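Heads up, the next two complexes both have subunit A, just with different partners, subunit B and then subunit C.
Here is the complex of A and B:
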């Protein structure tokens, strides 16, 4: 019930704000922030009750819905999704707090609330059709926010955002239906619940003799998630979205790694053979993204575009960690997708403060801010260091674990992987230091150019400080997070071994706990 | 022998037909140019028919020596036809007034068009089908030309009439050949004749299949028989188009499905022909819609694409005879409510008697009337097939059937087509939420309009959320 509450409360309140927000006036923001605070409270409450030793999904809810399709309203959280769930609620609150729309505030906050609720649904859905509905629906508020409150060529940006992401996921819909048809062909019952489907996959029955279908369905999912993530060939929507979307929309909806989460949740456990067969290809795309993003990020004219390419580069790390199929790497990927949401949101929050002071984010008009805005400069430094993966920030943990996983599988020469991928990814980590620091230099040193540059006020400091604290805590005490992810990642990791017999329903296979902790603590203190 | 006759089966159709006559009589007695009594009689009559349909829609049945065969599909399709006429009649007065259309014949004609549509839904007898289609079409020809002063309206009526008459010829010729080959007028006998006849009769039957396909293709506006659609949609009064696109299409769609169902066993070529028309309609409809600036033409191409989706279900049933009609029923349910909703919003957005004709005219609609704006969001999402709306679920069902029937390539074509759909439908939203308004006057919303929008919005979302109860009420699993 609590999961449903967290999802539907903001959606319903959002619709109320969309309809009647005009009469609320400036109260709309307070109403929205109080509501999101409540939602955050609920999700933190769920985190507190979360049992990190349990193997399956927790807080499960299931109501029959469409019998003939086997679709049910089925929700639940595991160690991977609970963190994304909490992060979504948190970023929703932050997006409300930092946004100051100049017009139609009620509608703006209504859209943000709907967006947050729908994304919470994305991370909690355990039914393929339900997931797809949430997944697609999350596109609409972002597109509307870009259209209504965006900057620059917003019509183009909104259309591109919607068309690319919607178009990319259409084949996933077909794949979902194909999985459902295949499931009922094998079991003579209909179900779209991933727990049910995965248990038949694990027994090896679902795809027996249907390797081609498995591969096609896998690609349907993969394509959607790679574009959403975004991985390299499908990334062009991200640039226009970061540049045109209101920062609040970016924080609440775009920085969240729905795409890589989808790979975790669906691509690996449901299509183990196909995932293994394509692991080296996806790893290649990941490395390509790390290098391509890293190189292009260096010489951008505008901080938003730097963030575009830094995101692409970070997604690369998630991909190589995930598709190393080693426990360390997958833990790293799970951690990195959480961290990326946190760290890039931190940058965007700070950028929103900057934009309120009349800057646009072009480097040509930035510079010398360190003297006039020292507090801002130091908070920005922390956010930036988290993005480049400095030890003691949360960015380091995910990146190093992902690379370790990639090295491990590379040395073992499994899945067609080799060490070269990991080495190349390591070079990418150096690139990230150079583009981030170069951007920092252009923003904060040198001559001050234009705009009013008053330092942060107390409210802004508080919000920025929370992010900085979260980043540091995530970097110094990652075990708090890792512990709660561990079991779920292990289940997913052993489910991806073909015919493993590992199911969410009954819990994971063997995991070598001592080795994992050795690895994660290395990452912690190095 | 006198056939057993169940009067109750034809009661809903009869009520609508009599409503038309009553409305005409009332119109002649009152002679009221505002036609308020005519409208009231029509609305009441359609409502009665709706109630009778819901109350008697219990069992599938055949009557009149199986000239009337009311299966689930037929009952629900009749319901949808009457519902669309009801909503159109409900919102028409303010529109007709704004357009200064003072001809009282609108309401009787609407009722008779509905009668024709309902007959088409409830038969597999080709002759009855023909009579139904003609009642429907002739009423629509008249309705299309209702706006006497407007050249566009007259042009659309004459174009519709000429092409329609031509298509009717094909249909009738096909029916004659069918009768000549099989000695029966009942479509469902096609299969048994096919398997028992020699090559000569098979040639006749194949020819009749081709000719009837042309005739039905025209009525459904499948490509390449679609050319009339954009012109007629553009020229005819919006309330007429609203009915034409919903109630007027439902009958033709059901006939196409029944036709595919009856002929399917004759061979793979039946399914492939219909599938070919489906692919053409989806691709041409969606691609041409992308270039449209004119709203009604855009919606016309969108309805061509939707006809393509319906043809997909017909191809599915023709290729796998076990397919149930639940998908089509659900798809039609969503299509009718969504399309009606869009047209009601267009009628609301009319100003000074001119409905918005281009996308630019819709600019700022959301701020002029939030109710219209946000209802339109729901309808557009349903047209795109995105989110918990009937348009999405309808597509899912159609796709699932297509995969079940081993027509994977058709499913892929259908899915890829939705990308184009997203482009141009989203263009509507872009205009509606555009900050620069073409007209800043707020829209006064009338009670019937709100009621109609509420029915449509609730139907579009509710049919997803309350899927199981809805299907139980419609008498389906």
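Here is the complex of A and C:
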């Protein structure tokens, strides 16, 4: 019930604000922040009760919905999704706190609340149809926020955002249908619950003799999630979104890695053969993204575009870790997915403070801020260090573990992976230092360009400080997070092994977290 | 305020000394604390290793560190950002201690990146000057190239242990005790992998320790305040590469090829940097290239298999190079922040303490007998010439490096003589011509009306005196009865036998002392009257060779141009040519298609809602189709 509460409370309140927000005036922001604080409280409560040793989903809720389709209202969290769930609630609250819309504040905060609630649904849904609905619905508020409160060519940005992401998810819809049809053909029952479907996958029956179909369905999901993540070359929506969306919308809805989460939740456990067969290709895309993003980020003319390519680079690390199928690599990917939300939200929060002071983020108008805004400069430094993966910040742990997984699997030469991928990916650290420091130089060093800008006020310091603290704690005590991910990642990793018998159902097969994908099985895909 | 910065370091030194005193050299102590990274199959705790290697470095870091901190309280006393400076400096000490004390490769990496960050922050300390920011960026980014190698090297080591059938159930893959226990046997069976691992670690060492081809960040790093140059860019951080090679000596030991590469790179760097030093007129740049050159000697020793000699030279170098840098700081302080030696001259009578102490540092670095540098340099040359460790096939790379390194002390003695004579002797007090507009922003002490330079205050000359004593007698003390050798060999993995350091049939002592004396005499002969006309302000009179040397023979320009300009143009051309044209085009196309689809439903108002509706419609149609299909087929 608590999961449902966290999802529907902001959605309902959001609709109320959309409808009656005008009469609330400036109270809208207070109301929205109190509500999101409550949602965050609920999600932290769930985290506190989370059992890190359990193999399956926790806090499960299941109500039959459309019986003929086998669709159910089915929710639950595991060690991968609980962190995204908490992060979503946190970023929703932050987005409300840092936003100061100049007009129609009630509607603005309404959209943010709906967005947060729907995204919480995305991370908790355990039914393919339910997931699809949440996934699609999450696009609408972002587009509305861009259209209503954005900057620059907002119509073009909103159109592109919707067109690319809807286009991608259409492929996923087809794949969902294929999975549903195949499930009912094999079991003679209907279910869209991924727990049910995966248990048939694990027994090896679902895709027996249907490798072609498995592969096609896998690609349907894969393409949707790669665009959403985004991976090269599906990233053009991200650039226009970062540049045009109000920063609050970016924090609440865009920095969260729904795409890579989808890979974790669906692509690997439901299509193990296809995932293994395409591991080398996806890893290649990941490395390509790391290098492509890193190189392009160096010479951008504004900080938002630097963040676009930095995101692509980070996503690359998630992909190589995840598709290494090595336990450390997959844990690294799960951690990096969490860290990316945190560290890039930190940058956007700080940028929102800058925009309050009349800057647009163009480097040509920035410079010398270290003198006029020393506190801001220090906080930005910490956020930057997390983005370039310095040890003892949260950015390091995910990156090094993902690299390690990729290196191990490449070294063992499984699944067509090669150690060359890891070697190339390692160059990402040089590139991230280059683009981050270059951006920092242009913003903070030299003579101040535009007179005196006021340093952060107490509220802003508090919000920035919370992010800085979270980044440091995530880097110094990552075990707190890793411990709660470990078992769930191990289940996912075992499930990828064909006919593993590993399922999400409690008490399922023995969990095998062997460091590297069993070398003996590589023959199957050659 | 200043005391708050100095005292913790001094206390750390006292604690370090007490631990060192009670340490049994044959017994490494591992202190384990809370886990840092812990997942199934891998655990990396916060853990410290107390052994002779780590404690030697702790004493250098805290001892020299405390002296330099004390000096800095005087040097930076008029700086408005005094507290920020000491915050960075103390953070540096902490990171450096983690680097040497950590008991696993990832903790070493914490320190490694941490000192890199502090170095970046301190080089760019005077942030309003954009050239400082550029120097800071260069330092960090070039170091990251080295870190690339280091990261891959440590992942390779961990992977080798993880995949070895001989290792069962061990999860502390990065911890030194685990590596020491298993890795030697694994490397013996995979010589090719051993070479790869050693070379990858070596790339990391090259970055941090400023070896060719990655040395080029260090001269620029002199943009930071002088105490920073003394502590970070001479005495401690830049020696991290030597510490790494000592820690992982078992990896280097198992590959003659890698050892030969270490020797060759070290010898080349030592020679190359010594030559470049002749073209420098900035006193700090001379010392910076001298540091690069001396680090090259340390690398030669490590390549020759005499890892302890590398640390021995680290130690004596910390004494005399910190002294020389702090002395140069005193000169710069007296000269209203003028750093060009062409503006100095005859300062000996105005700055007697600075002069006297720097003289000792100068004799020590030149390798004059019984000063500290003499002992360690002797061991470096001897180990390279006597051993056959870095021999690949018929190529005795180690010995060849040794002969090259015999030239380096002569050059060192000569360019140091040049520096000393231009500064303290000569015929003309050139600084009387310094004009007020030479004085830059962050300077508050001016040459007074009579242009009379002042000796530095007690807080600044006290460290100079202590370091002078160490530079004079430290080497002698440590080499008595092989004291340092036995002490450090205890930390080495495997048989505790170092390669010989006394070549047979070569009169090493005579050769090296001869080289030093020759260098000094040649220097005195040229510079006895002060600045020669062909090194003066009129650069058209400079010899071609000296001009090229000042220019690093075009290397820095080549690298910086090719990396920054080419990567910028690559970045721009990919950005406009591919990302804008192709990728954006795809996005635009997707937008157009949906808008066109949306055009079918003209009655709806905005294009966006139209598009949304059309896509939802498609979705619903597909869903309905599926209901029909599955109802027909499934049930």
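Rule of thumb we're sticking to: the second predicted complex is superposed on the first by the 503 of 526 C-alpha atoms of A that agree within 3 Å, B and C clash if a C-alpha of one lies under 4 Å from a C-alpha of the other, contacts with A are read in each partner's own complex, and residues count from 1 in each chain.
In this section, a residue touches a chain if its C-beta (ideal position, glycine included) is under 8 Å from a C-beta of that chain, and two chains touch if they have at least 3 such contacts.
Not measured: the values here are computed from a predicted model.
S.K.: Could you say whether A:49 touches subunit B, subunit C, both of them, or neither, answering first, second, both or neither?
M.R.: Once the two structures are laid over each other on A, A:49 reaches no partner at all.
S.K.: Report for A:136: first if it touches subunit B alone, second if subunit C alone, otherwise both or neither.
M.R.: It touches subunit B and subunit C both.
S.K.: May I ask you to decide whether A:173 touches subunit B, subunit C, both, or neither, giving the answer as first, second, both or neither?
M.R.: In the superposed model, A:173 contacts both subunit B and subunit C.
S.K.: Going by the contact rule set out at the top, does A:100 touch subunit B (first), subunit C (second), both, or neither?
M.R.: neither
S.K.: Look at A:181 in the shared chain and tell me whether it touches subunit B only, subunit C only, both, or neither; answer first, second, both or neither.
M.R.: In the superposed model, A:181 contacts both subunit B and subunit C.
S.K.: Could you say whether A:454 touches subunit B, subunit C, both of them, or neither, answering first, second, both or neither?
M.R.: In the superposition, A:454 contacts neither subunit B nor subunit C.
S.K.: Looking at the overlay, does A:391 come into contact with subunit B only (first), subunit C only (second), both, or neither?
M.R.: second
S.K.: Could you figure out whether subunit B or subunit C reaches more residues of subunit A?
M.R.: Counting contacted residues of subunit A, the larger count belongs to C.
S.K.: Identify the partner contact of A:429: answer first if only subunit B is touched, second if only subunit C is, both if each is, neither if none is.
M.R.: second
S.K.: I'd like to check the shared interface: which positions of subunit A are touched by both subunit B and subunit C across the two complexes?
M.R.: Looking at subunit A, the two contact sets intersect at 68-69, 136, 140, 143, 147, 155, 158-159, 162-163, 166-167, 170, 173-174, 177, 180-181.
S.K.: In the complex formed with subunit A, which residues of subunit B make contact?
M.R.: 326, 370, 374, 377, 381, 384, 386-388, 392-393, 395-397, 399-400, 403-404, 411-412, 415-416, 418-419, 422-423, 426-427, 429-430, 433-435, 467-468, 477
S.K.: Which bits of subunit C are touching subunit A when the two form their complex?
M.R.: 34-42, 106, 109-110, 113-114, 117, 120, 124, 127-130, 132-134, 136-137, 140-141, 144-145, 147-148, 151-152, 155-156, 158-159, 162-163, 567-568, 570-572, 574-575, 579, 582-584, 586-588, 590-591, 593-595, 607-608, 611-612, 615, 618-619, 622-623, 626-627, 629-631, 633-635
S.K.: Can you list the residues on subunit A that touch subunit B in the complex?
M.R.: 18-19, 22, 64-69, 103, 129, 133, 136-137, 139-140, 143-144, 147-148, 155, 158-159, 162-163, 166-167, 170-171, 173-174, 177-178, 180-181
S.K.: Quick one: in the complex, what on subunit A touches subunit C?
M.R.: 68-69, 136, 140, 143, 147, 155-156, 158-160, 162-164, 166-167, 170, 173-174, 177, 180-181, 184-185, 188, 190, 232-237, 239-240, 292, 295-300, 327-328, 331, 368, 370-371, 385, 390-392, 397, 400-401, 403-404, 407-408, 411-412, 422-423, 426-427, 429-430, 433-434, 437-438, 441, 444-447, 476-479, 482-483, 485-486, 489-490, 513-516
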